[in-house]
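Structures follow.
After this come two complexes, each holding chain A, first together with chain B and then together with chain C.
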Partner chain A sequence: MRGLLLPVLVLLIWQVVGVLGIVQSDAMSYPSQIALAAAGALSDGSILTATRQTISTALGGMAIGSGIGIALGSWFGISRRAGRLAQTSVEVLRPVPSVALIPLAMLMFGYGYGMSISVVAFACLWPTLIITKSAAQQVPRELLEVSDGLELNWARRLVLIVLPKIVPNLFTAIRLAAGIALIVAVTVEITANPMGLGYALIVAQETLHPDRMFAFLIWIGTLGWLLNAGLLLLQRRLFVRWDGA
Partner chain B sequence: MTHRMRLPDIGSLVILAGLLGIWEITALSGWISPVFLPPIEKAVAALFDLASDGTLLRAIVGTTFRMLIGFAFATLVGCGLGILIGLSPRARAYIEPSLEFLRPLPASAIIPVAILMLGLTKTMIIFVIAFGSLWPTLLATIQGIKSVEPRLFEMARTMELSQRDVIRTIVLPSALPDIFAGLRLGLTVSLILAVVTEMMSAEPGLGSIILQAARSFNSSDLFAGVMVLGALGFVINALMEQGQRRLMRWKSD
Partner chain C sequence: MTQLKRVAEVQPVTVSAPSILSIENVYFSVPVANGKLSILEDINLEIRQGEFLSIIGGSGCGKTTLLRLIGGLNIPSSGTITFEGSRIERPSRKRAVVFQDYTKALLPWRTVLGNIELALDTRPSPPDRRTKASMVERLLAQVGLTEAADRFPRQLSGGMQQRLQIARCLAQEPTLLLMDEPFGALDAMTRQTLQDEVAKIAKETGMTVVFITHDIEEAIYLGDRVCAMQSRPGRISAILDIDLERPRDQLLTREDDAFLRYRHELFKFLPRAH
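What follows is the complex of A and B.
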């Protein structure tokens, strides 16, 4: 595996530089110290608690945000009129950077899950809305005419005709939202909310524990990678031959 | 082809006005305490207050300036490294797996590391913005170069073009749409990181205005700041979209 050469080399040089004490800095730590700190954080359970908090935040926010996004997106996609009417409101709200809502969420919910989850939900809403909307717009008109002919109400029409057709796109939207959710959850914790992995990172920095800080940083990176790789694998398995029938 | 500004649909403006109306009624009726939700006129008044003593302009300039400096670094390094890595299949084999591992890492997670190394300084902020917006640009550039039609390289070889000419006449033009998409994402990331780092370092900017407003329970200032950030995001997005459209038109000619 040629891909492993670079990381191994980096770790090796980092270790040697660290052990020899070539770089003197508050931020300096090296791989063996970091591994020890990671083992410490594992054995006292702090890394597990923090991971659980961050993951619950990310999942909760993602469920709410992409739920609303998928609902609105399929509505705006199926009904041209609803899509047209909502256009300006969506264009006005969407460019608001999700992190700009951190202070507002802090004011409304105080510290805790509510604050992080609301910001994550806002961040996940827009990409899922846009993807679902454009997927629903591609649903063939004939299918919708069939549902008119069958006199299906809108709920059955959505569940029986539209959703099966756009499932692969929905999965892509959710995969995207999951990545965003983890990033935003960690960001809210780093910026303001005293819980989860982001806060553990900040505490390690403020108490001058670079070994612990790097341990958490590497763990956050691994978590993001696992999430992405897992969902990608699932998507490939599930939708190899999905033709939307 | 002439490009006309797309006017928003009347009905959709009515819906937006309706949403603003709901905000106003909710705020005035006191269903949601004014501590959290100010009536529109209060938020607008706060906006004018912030604008009148120059605070707002300084904040906008500060935020935009740091964002653009960091983004400029990211663009230079991202495109440069991206071209180097993208052109060499061997370099790609060694480096790409590491990049794929780093891609999902939240950019904000390096803020604590940057603070330990550089302190709560302007350098730290610009470093974080540059580092965070580097990834989209770098990965998109590599992707763009990978998808250059291989025949074009063969043609360049038979024409005995120099490496420089190959990059200038073949690689860049065909990779440009990908690179631009990466830059667009990078600029969004840099705005987000500019706001986040301001909130953490109290460097004067839009991020610190809204955090300060929340800490002092001043929802009018908070909403004013969020509106300005939304407008900034809107303008950036519109400019990039405009640029992208120009680029595509030039390409299709």
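What follows is the complex of A and C.
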């Protein structure tokens, strides 16, 4: 409970400063106004629509990007030759800032989900690929030799040995990708795509509604926190037996 | 030259059982910075159907490498290894390997049951559910893990984990069981128990066993034959027939005069540790 002391104090001071009009600025708003704006956005349904759009973009992009990342990563990790062949391409493509692909994505898909999802997927692909690859490379030699001794083909080796062994790493990768996905989804909406929470932020800013802007901002932060907390909880629930593995 | 003569001396004149695996003129080397490092040289060895062959040598003598060649996990640089009539080119379900480091060879996310089922489910023609259940039950009983069926490997002692690995290898239904210093990491008491259990399993199944160890007494106690190796490069320095009554006994066998003579004899063929 003591942890709440500071935030509550800050909110109080913020409220007092706002109500007394000590700071004059177009960006200025204060907690009670923000709460009202949030209630307004909630009652007219705009925050829900925007949230649905942003979450769909983030999750869709994350699913596609980390799916490809995990598939390629485990392939490059298991097969030394594939890993070496792909090394250069990965090192060249990976540093490209995902948001730099927005113009290209816009040309390809126009406005809408296709464009945002493709950019989010690109951003999620690399961290999952690299984490998966390095985890797959660290599967103990003995386990791979057990799989050779059982004459498993590559698909069975992947499903029965490698993937279960690296599941905890995959989950960490997905958690990382989830954070990135939300950031990139909002960024694309702010810069290019007229939908979702990012666009709502921009509209609030351009129509000089700092209260509404703050409401959306706080909501986006909360969403990010919820997403991570939810995944952490799931990880703890699901992977008890992997401890010490 | 004298050592080669000794090999000839101790090798039996008559072959008692048909050969299951034969190693001919095998050399194995690995690339290093300045050329090649020779690990094994001039290895010639017949492994007989149903025998328990102990291979003994100091660290770095290439005994594990020899086992890996037999397993098909490595391929000789030259020479051939034939198993049941065909040349070994890759690992096979028929030659199960029990690794020394059981912590790395077991699937930590599967229970004892699950680890054994891995070997059953991946058979070319997997058994149906009821057959599988009875197979698992028999294997668990064979290695004394019936009570621990639902536990995870990390919840087991070292000896139990090694038992589990042995059970999984047996589930492969191999004709040749390859054991790489399987009891090296276990305490002396557990070790003796497991030695007797392995000897019993070998007798029950009629399986051929190749057992790597660096412990002379363990080699003699378990083996029908003991193959001694010398180091750098690894070569076979002697092969000794062990004519001790079975079942063997941890106390009586080890006090037997013949046992002590074998120990004495083998000692000469093993290099001093540095």
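We take it that the second predicted complex is superposed on the first by the 240 of 245 C-alpha atoms of A that agree within 3 Å, B and C clash if a C-alpha of one lies under 4 Å from a C-alpha of the other, contacts with A are read in each partner's own complex, and residues count from 1 in each chain.
One rule holds for everything that comes next: a contact is a pair of C-beta atoms (placed from the backbone, for glycine too) under 8 Å apart; a residue touches a chain by one contact, two chains touch by 3 or more.
Quick caveat: nothing in here was measured; it's all calculated off a predicted structure.
Judged by the touch definition given at the top, the superposed model places A:Arg237 against neither chain B nor chain C.
Comparing chain B with chain C, more residues of chain A are touched by B.
Legend: residue contacts after superposition of the two complexes on their common chain; A:Leu160 is shown touching chain C, with no touch to chain B.
Contact with chain C, but none with chain B, is seen for A:Glu145 once the two complexes are overlaid on the shared chain.
Residue overlap on chain A between the chain B contacts of one complex and the chain C contacts of the other is empty.
Interface of chain A with chain C (complex): residues 140-143, 145-146, 148-152, 156, 160-161, 164-165, 167, 241-245.
For chain C in complex with chain A, the touching residues are 71, 73, 90-93, 95-97, 99, 101, 104-105, 107-110, 118-119, 122, 152, 154, 172. Within the complex, the chain B residues that touch chain A are 8-9, 11-16, 19, 35-36, 93-98, 100-113, 115-117, 188, 191-192, 195-196, 199-200, 206-207, 210-211, 213-215, 217, 219, 222-223, 225-226, 229-231, 233-234, 236-237. Taken in their complex, chain A has these residues touching chain B: 1-7, 25-27, 84-89, 91-93, 95-104, 106-108, 179, 182-183, 186-187, 190-192, 198, 201-202, 204-205, 208, 210, 213-214, 217, 220-221, 224-225, 227-228.
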